[in-house]
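Let me give you the structure first, and then I'll get to my questions.
The letters A, B, C, D, E, F, G and H name the chains in turn, as written, and every chain counts its residues from 1.
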Amino acid sequence: MSGARGADHERRTRDLGFATLDLDRERRQGLPEIVYGPGKTPSQVTAIVSALLAHNTGPVLVTRIEAADAATVLARVPDGTHDAEARLLVWRPAPPREFSVVIVTAGTADGPVAAEAAGVATAVGLGVTRVSDVGVAGLHRLLDRVDTLRAADCVIVVAGMEAALASAVGGLVAAPVVAVPTSTGYGAAFEGVTALLGMLSSCAAGLTVVNIDSGFAAALAAHRMAR
Amino acid sequence: MSGARGADHERRTRDLGFATLDLDRERRQGLPEIVYGPGKTPSQVTAIVSALLAHNTGPVLVTRIEAADAATVLARVPDGTHDAEARLLVWRPAPPREFSVVIVTAGTADGPVAAEAAGVATAVGLGVTRVSDVGVAGLHRLLDRVDTLRAADCVIVVAGMEAALASAVGGLVAAPVVAVPTSTGYGAAFEGVTALLGMLSSCAAGLTVVNIDSGFAAALAAHRMAR
Amino acid sequence: MSGARGADHERRTRDLGFATLDLDRERRQGLPEIVYGPGKTPSQVTAIVSALLAHNTGPVLVTRIEAADAATVLARVPDGTHDAEARLLVWRPAPPREFSVVIVTAGTADGPVAAEAAGVATAVGLGVTRVSDVGVAGLHRLLDRVDTLRAADCVIVVAGMEAALASAVGGLVAAPVVAVPTSTGYGAAFEGVTALLGMLSSCAAGLTVVNIDSGFAAALAAHRMAR
Amino acid sequence: MSGARGADHERRTRDLGFATLDLDRERRQGLPEIVYGPGKTPSQVTAIVSALLAHNTGPVLVTRIEAADAATVLARVPDGTHDAEARLLVWRPAPPREFSVVIVTAGTADGPVAAEAAGVATAVGLGVTRVSDVGVAGLHRLLDRVDTLRAADCVIVVAGMEAALASAVGGLVAAPVVAVPTSTGYGAAFEGVTALLGMLSSCAAGLTVVNIDSGFAAALAAHRMAR
Amino acid sequence: MSGARGADHERRTRDLGFATLDLDRERRQGLPEIVYGPGKTPSQVTAIVSALLAHNTGPVLVTRIEAADAATVLARVPDGTHDAEARLLVWRPAPPREFSVVIVTAGTADGPVAAEAAGVATAVGLGVTRVSDVGVAGLHRLLDRVDTLRAADCVIVVAGMEAALASAVGGLVAAPVVAVPTSTGYGAAFEGVTALLGMLSSCAAGLTVVNIDSGFAAALAAHRMAR
Amino acid sequence: MSGARGADHERRTRDLGFATLDLDRERRQGLPEIVYGPGKTPSQVTAIVSALLAHNTGPVLVTRIEAADAATVLARVPDGTHDAEARLLVWRPAPPREFSVVIVTAGTADGPVAAEAAGVATAVGLGVTRVSDVGVAGLHRLLDRVDTLRAADCVIVVAGMEAALASAVGGLVAAPVVAVPTSTGYGAAFEGVTALLGMLSSCAAGLTVVNIDSGFAAALAAHRMAR
Amino acid sequence: MSGARGADHERRTRDLGFATLDLDRERRQGLPEIVYGPGKTPSQVTAIVSALLAHNTGPVLVTRIEAADAATVLARVPDGTHDAEARLLVWRPAPPREFSVVIVTAGTADGPVAAEAAGVATAVGLGVTRVSDVGVAGLHRLLDRVDTLRAADCVIVVAGMEAALASAVGGLVAAPVVAVPTSTGYGAAFEGVTALLGMLSSCAAGLTVVNIDSGFAAALAAHRMAR
Amino acid sequence: MSGARGADHERRTRDLGFATLDLDRERRQGLPEIVYGPGKTPSQVTAIVSALLAHNTGPVLVTRIEAADAATVLARVPDGTHDAEARLLVWRPAPPREFSVVIVTAGTADGPVAAEAAGVATAVGLGVTRVSDVGVAGLHRLLDRVDTLRAADCVIVVAGMEAALASAVGGLVAAPVVAVPTSTGYGAAFEGVTALLGMLSSCAAGLTVVNIDSGFAAALAAHRMAR
């Protein structure tokens, strides 16, 4: 905490003026810094991605990037892939390892958030299985898939509206359940707030919750478990 | 709309100074006015109950009355009964008729609200069956009771926390479902607001919702259906 | 709850990858699954509608669909009708039966929500009468229509702003009243929240409430009552 | 705006250390400062009341004072009167003048707020008529009193829950209507917030609104009109 | 309350299908119904305005109408005038009478709301004086205008952000003060909610408040006082 | 989903009238149902605990129980222990296993929530280390403990006020971080809501969050990870 | 950031088990850690205060401590003083220096918060002048004190309700203004939230704001300026 | 407070009809009035800027102006400069003086708000240093810059999401810290509200806070300190 900016600082960070890259994060957490797209110009994203590719060794990701910006960046930094539904750019994905994540949605409209979770989880090396549209209004759809759910090392539940699916899944499996509220719905759904509060208040014990629409955070939470 | 207070006014209302009784309600809606206890002194409640008993012919109820006040009123107005858990006073209950209400709770702590719903429903002549503590964290508890639920003319679901039970029940039965959010829970349950919003945003189609902790409103909604 | 996905699963569901159709719903609730438009591509809607038409026998509806998407779907799936004001697609409407719903609005701006309620109610076989623009600022407009209201098996009240109309209607009729708050108004109307809270807090006993702007939910609630 | 504290300051204010009395208010607004009770000790209230009686000539009021504190102050400052329901102390009430205020409540539980409005209005010289418990769930109770309402120079509507009464009255009379939301109700009534928002969003044109439970503010608003 | 729709109904209302005009309002309140523009098509507005002009005798107004819609309606209904800043259409304005309203704004950005208040007040026959941009950050601007303020029969204060101006004016004048919160500001101003709450909580006694941005409601409140 | 209540039902549930015990949960999730104390009488708690001890084999816990009630229950059901700070009752704790949880608090006032997390985690067999009062206002306190944090299989961060500690810890360790917002603080801390929202919005990737003050949920989340 | 707990750690912190004292803070910020009372037992407070007195050299303060607890602590740690209105304990106050703080309140009920600000500011060595009860409803009270306000190095404005005083003061002085919202008021004052939002939205440029009722934070902000 | 508009009024204000300029502000506070762009037409801005340049002597600024409007105004009023990222127009900047402000951001997306703070601070004569993207998820980035932070006379912390950076900085430096919450983030970040509440609830003593995204207010707060 001396505050001196010396060689150690140079090794651990990269000052781009508009950004101070945390190059040390890969050592501390097993993954390079992941780039949050909104509020950054394509030039800024390009510079950051290039530096991370140069100075780190693991996967490099950009989340929530608009399609046009993604195309601009991809044209400048080769070998990346773009997942439009997930709004995700990936370079140098991690090799797969033995940790299975099942990503469950309550409805079709929750798809893009599940796609982000799946895209990020895959890019950081986790195994992904998806189960779609099994909300509790037709419980047999969920019950028919219990074997799949119980085979997971971690279940990510993606649901909007009242998000009852999270509690139902939480009661059926023993594995960690990460609940992702989505902004699906209208009126009293309050753009995901109702789902968020419902998941936090779940009667199923030991659920954990991430930010609204953050498939990204859920995938990273699974990555932490997979160490 | 002439505004004149004449004989017709006398027939349809009763002015007690602090209250203007709607004696006509029994004709319009099949039930005398029901007395909301809070904010009224035992003397006021006594006067109102006495007038309703004198000028109407159906059941007379006082809701949400504290135990001490209930005892005071009962001592002054004979032949009433007190349900302490439901905080309910009843005189002259209606004769039973053919309309069955099943009242389901998610947890034991939802009991007092279910008791109010049951007490009011019984007092106005409906048939009541209770199913307790079948929240979705253990779905088989609910699924084992599907036959009971499907036999109802109306199902009242009483649940706090995230209130996922309402959606699950809504998907299992074809009858009207009235959802009552309760203030059970803490933190993000926000004294019933989360349950309320969840029920309003339910993925199960055609649920309707009443005020937080209002077993009373749910019972009256069932009564309207039973006409 | 065995979790096996066998013949029974095939009979009761239809996996489209992005959706798991609940084909069993018609048996359980008397109506096929109703399709919620937002968040689905026209191709997805087309696939879902086609499957429901093929595997169920009752009416098939798509709600809240944009006009352009509606045209695309209609061109691909014959014999449907589009109600632009209600944003509703309907195929194979149910035959009319003896259950009358009166749909009342407080103001002209509540029209589209009332149109959704009317369109859905008609499609599922209920009889519909509409009464428009009878808000409490001119009570005689409402009082002049009391006979119509009292003839209903169920009254749906559609109102925004402070939604006082719901309480007034609730006091005039004995039938079930389903209140639909609308996002009409500005400032303190908070896009329907004020109407929603007012309806939930109504001094008229036994009202029930659905989500903001959900004419759909109100119509389905009436359908449950009409069994 | 020189900032000098000279003779003029002495004439217009009174420094008590814990308070700086605005003696000039009576000249500007026709009434001495009115004392808000909460957060003041009986000794502080006594000192303020004594100074106002000594240096002003009009009525002196203390609002929202607890019964025990009121007794203490009354014992020290003679010739005051205490209205326990209104939590009000009054000395030297103004002579009555020609300005009639009708104070209407939706329910019996709104009584204390109406009592504060009535007590303050009377103390500042206005004529007061009260109409109690005429909520819209039984509209004839209100319609029977239209003549009384239309005879008022100003109508104060005191209502909690959804406060629909304010809109109904607003549509019936041409005089100014001051709406007072009350904290009557529970759950979605949110301690008066729902009533407040409903009154602000009223479909009846030209209503004005004061703070929750503030019978005081409504009476003062009427006083401003009565100049 | 018989509910029959007879000759009396015909005299007092006008059924346009999408609207039920309250023709009786002019008799009850001295002004024809005022048309709220949003949610109505130009054809609907045209029909309503034409009917009000035909069946009532006083001023006819349409509020919050978009410029293009206003032009369409004006082309169909002659002799109206359009105030673009106020988003107001007026036909047949009332003759001026002796009641002076001073409309004060805190900042230049509050101008459109003040313009609506001024346009409506003038159209219903009140005298209007405007004082602009005298927020409390430079108190001398306000103090220099005290004589103007004190000459008013009613002061309308239009202010956003923290809306401190309302309290300052409320303490300076004895006349009725109607406070209009505006959505001016950003962040913690919450689109007028902060101004609204501040005005409701004002330390200046007897202020009344209307809905956010509702210059219309303030003008109508003044009209009620001017009877 | 047949709904029949047969032998299977008897094996998996226990009907106590006021409660339907989920005896099957131990098989599904490795732990018996955990009893939530509020809203249950000591007699109800006694009956539930006795049944769980009789029909399950793992640890039996009661959370959030008041001291007096705890004493009553302990007197009736032998061999339990009471942790007053954690408000926790435990019978038959699980044997320790190899999974280390580090529970970190930001301040001394967060102690009781950390105590609940520690008590539950220990009772279900996890290893617990506590680090207290290392909030970010003195970062060296936290940095000095990095080795301890990095040795954990799971870190539980317990923090109120702005809860910045969660983000700081999240950036320092690679293991799963479960964040528990507490109601510590006042004013803008809003009884834990600010901490909750801050944790959900954390700039540290992959944090998960549980309900306000729920040390219980955090411990169960860790238990799920420890399978 | 090595994480080792060595001699340096011992010098900079003090582990009390329930607390990790930041002994280094005095070096970094010129003041020892200040003890927040709520959630700590008198024994914990005693241990912390004793350690701070032993290992630091500057003033030691405990804020928001209940009177009984304060007495207990004072009896154990000699030479402290207790300010009951401010709920403050002080040992070893700092010598006065040249930096004048003027603390202004809008009303008498804001007194305790001002007392906390004054007590803390004095204890850390600042000069304090108080001006009480000069809210904007009587502007001359404030204008008469402008010379006092303009002589300050820093002005602390303490106000509840709508908190208009902060804007008025902000426009009159050039010095830093720290605004403290208080929970004075009721209803729409929302326990200080309205004052908080109003101060944050002030039209007076360059005001800064601290937490509701936090006289403490305002005094410490002034201390930072006085370096 | 006489209210007369005489020569003194002319000297201190400038009435433009739509605006009342506070020409006296420069004398009172050392800076001319600063123009808030939203809600003003380019012509209005031009007139105001011209008058301030003519009648005051210090820097003239327009904040939050759209690029097109800025170009229009610049073309009419010579010698100004436009900072597009900061949305700022400046004429006649103040000469630099000895007061150093360090502006720190948590992430790249906070850049525009920091740019506004920097632009305004520079224009009013303060020295500015910027430190970018040092959020607490990588603490070493911040710790490496401690010397820079400690050399400041005032630190402005600009952060969105959970805004933990403000607390971390607050604990590291002794100088005044002005925290600016930004609307960076999504979901539970609630457009800056979470950052705002977190900063107000900070565990670091003596932080002060300004409105969401208001780099302007933070710069002006620093200007007050620099007198």
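Going forward, a contact is a pair of C-beta atoms (placed from the backbone, for glycine too) under 8 Å apart; a residue touches a chain by one contact, two chains touch by 3 or more.
Given the structure is predicted, the values throughout are model-derived calculations rather than measurements.
K.L.:
Go through A-C and F-H and name the pair with more C-beta contacts between its chains.
P.N.:
Of A-C and F-H, it is F-H that has more C-beta pairs in contact.
K.L.:
If I compare contact pairs by residue number, which of A-H, A-B or C-D overlaps with E-H on over half of them?
P.N.:
The pair repeating the interface of E-H is A-H.
K.L.:
Measuring from the mean C-alpha position of chain E to the mean C-alpha position of chain G, what distance in angstrom results?
P.N.:
Once rounded, the distance between the two centres reads 45 Å.
K.L.:
Centroid from C-alpha atoms only, then distance chain D to chain G, rounded to Å. What do you get?
P.N.:
Those two chain centres are 35 Å apart.
K.L.:
Using mean CA coordinates as chain centres, what's the chain A-chain D distance in Å?
P.N.:
56
K.L.:
For chain A, jot down the residues that touch at least 2 other chains.
P.N.:
In chain A, the residues touching two or more other chains are 1, 25, 107, 137-140, 143, 171-172, 187-189, 196, 200-201, 205, 211-212.
K.L.:
Going by the touch rule stated at the top, which chains touch which?
P.N.:
A-B, A-C, A-F, A-H, B-C, B-D, B-F, C-D, C-E, D-E, D-G, E-G, E-H, F-G, F-H, G-H
K.L.:
Could you list, by residue number, the parts of chain A that touch chain B in their complex?
P.N.:
Where chain A meets chain B, its residues are 106-107, 135-139, 143, 161-164, 166-168, 170-172, 185, 187-190, 193-205.
K.L.:
For the complex, give me every residue of chain A touching chain F.
P.N.:
For this pair, the touching residues of chain A are 1, 25, 28-30, 34, 139-140, 143, 171-178, 196, 200-201, 205-212, 216-217, 219-221, 223-225, 227.
K.L.:
Per the contact definition, I'd like the list of chain B residues that touch chain F in the complex.
P.N.:
107-111, 131-134, 137-138, 140-141, 143-150, 184, 186-189
K.L.:
For the complex, which residues does chain B have touching chain D?
P.N.:
It is residues 1-5, 9, 12-13, 17-20, 22, 24-25, 33, 36, 38-40, 44, 181, 183, 192, 196, 211-214 of chain B that touch chain D.
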